[in-house]
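Okay, so here's the structure we're looking at.
Letters A, B, C and D mark the chains in the order given here, with residues in each chain numbered from 1 onward.
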């Protein structure tokens, strides 16, 4: 999966449907948290153990929600001029400093 | 950015710090929505126009939140056996059927 | 609307259905954010102006989501021993100090 | 705690600080989900059992987040013309029909 290629496809999809005026970072952030909450809903009444042993229909449902979150996230980055790969590398470095490996 | 490679790095990072018992899909879903809401917070009092014209420090802050959301999302997929690339392709297909291109 | 009376009714409703084992503060917090996001969903593609001029069916839908958020919130407080009225008064005082009235 | 009285106090507080232009239902919905997620954050790495046995500083922190969620929720209702008590009664009735008491 190539992130920039996926961003191009999402942009073309939105443009063909004249959705661009709606796809402000503000609105996309709202859509993102809505989809993230739909993912949370899958697990809300499950125990920790149950959340580790999903049946196949639930795993498929989870896959859909993961795709929805990712697609809004990449559109936010695209419209805001954020380089996702670069942002991830910076964050990994920051985390490595913040949480040093135990001896 | 290779998704599976990133998932491997996140897994190794968590294992080295003995975090695996905490990283159930249920807990990761909670962490995901917390990070998604931190991204929402950037835009909550901004107008649509302001959300399209971020200054550099805000864009950097946004990059960090995007990285956080993505990293939890990929860990949820990893621990649940969801193939992210495959889930995205299915969803794109589903969206193309649901929202046909206007003539 | 009396908060403590409502908390008692929600508790009795849950007990009669043997839901108490599911209603941990952790699970209720997940349900709360899911309902808050359903409320966000109402406004995600609306402009600021449109959000101020809801039609009657949308206002009714909003009323349902407000009730859902409130009912989970009061159950979290009830199960955690938080006095809601007291928490609100403390917060109002804190806000008055943090944001002094302009001269 | 009287809901309408609290709504009046929140309205006066916002007006005295000239915040009204920012307090659209759309923006308030974003602020609501941000506060709901801050409440989720308290519980994200806790077990179900730990979430039932908070220590005093955590309970106080939870109280603050509960107040924040409630105050944004009541402002959304106020600005949208939703009667909270009425919305709750309708929802309780709906739930009683949807989930009949087991025999």
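The working rule: a contact is a pair of C-beta atoms (placed from the backbone, for glycine too) under 8 Å apart; a residue touches a chain by one contact, two chains touch by 3 or more.
Nothing here was measured: the structure is a model prediction, and the numbers come from that model.
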(request) Using the contact definition stated above, find the chains touching both chain C and chain D. (result) A, B
(message) Counting C-beta pairs in contact, which chain pair has more, A-D or B-D?
(response) B-D
(request) Identify which chain pair among A-C, A-B or B-C reproduces the interface of C-D, meaning that over half of its contact pairs, matched by residue number, are the same. (result) A-B
(message) Suppose each chain is reduced to the average of its Cα coordinates; what separation in Å results between chain A and chain B?
(response) 3
(request) State, to the nearest whole Å, the distance from the C-alpha centre of chain B to the C-alpha centre of chain D. (result) 26
(request) Can you tell me which residues of chain C touch two or more of the remaining chains? (result) 27, 29-30, 33, 36-37, 40, 43, 47-48
(request) Within their complex, state which residues of chain B touch chain D. (result) 22, 27, 30-31, 33-34, 36-38, 40-41, 43-45
(message) With touch defined as at the start, can you tell me which chain D residues reach chain A in the complex?
(response) 29-30, 33, 37, 47-48
(message) Considering only the defined contacts, which chain B positions touch chain A in the complex?
(response) 1, 3, 6, 9, 13, 16-18, 24-27, 29-30, 32-33, 36-37, 39-40, 42-43, 46-48, 51-52, 54, 59, 62-64, 66-71, 73, 76-77, 79-88, 90-92, 94-96, 99, 101-102
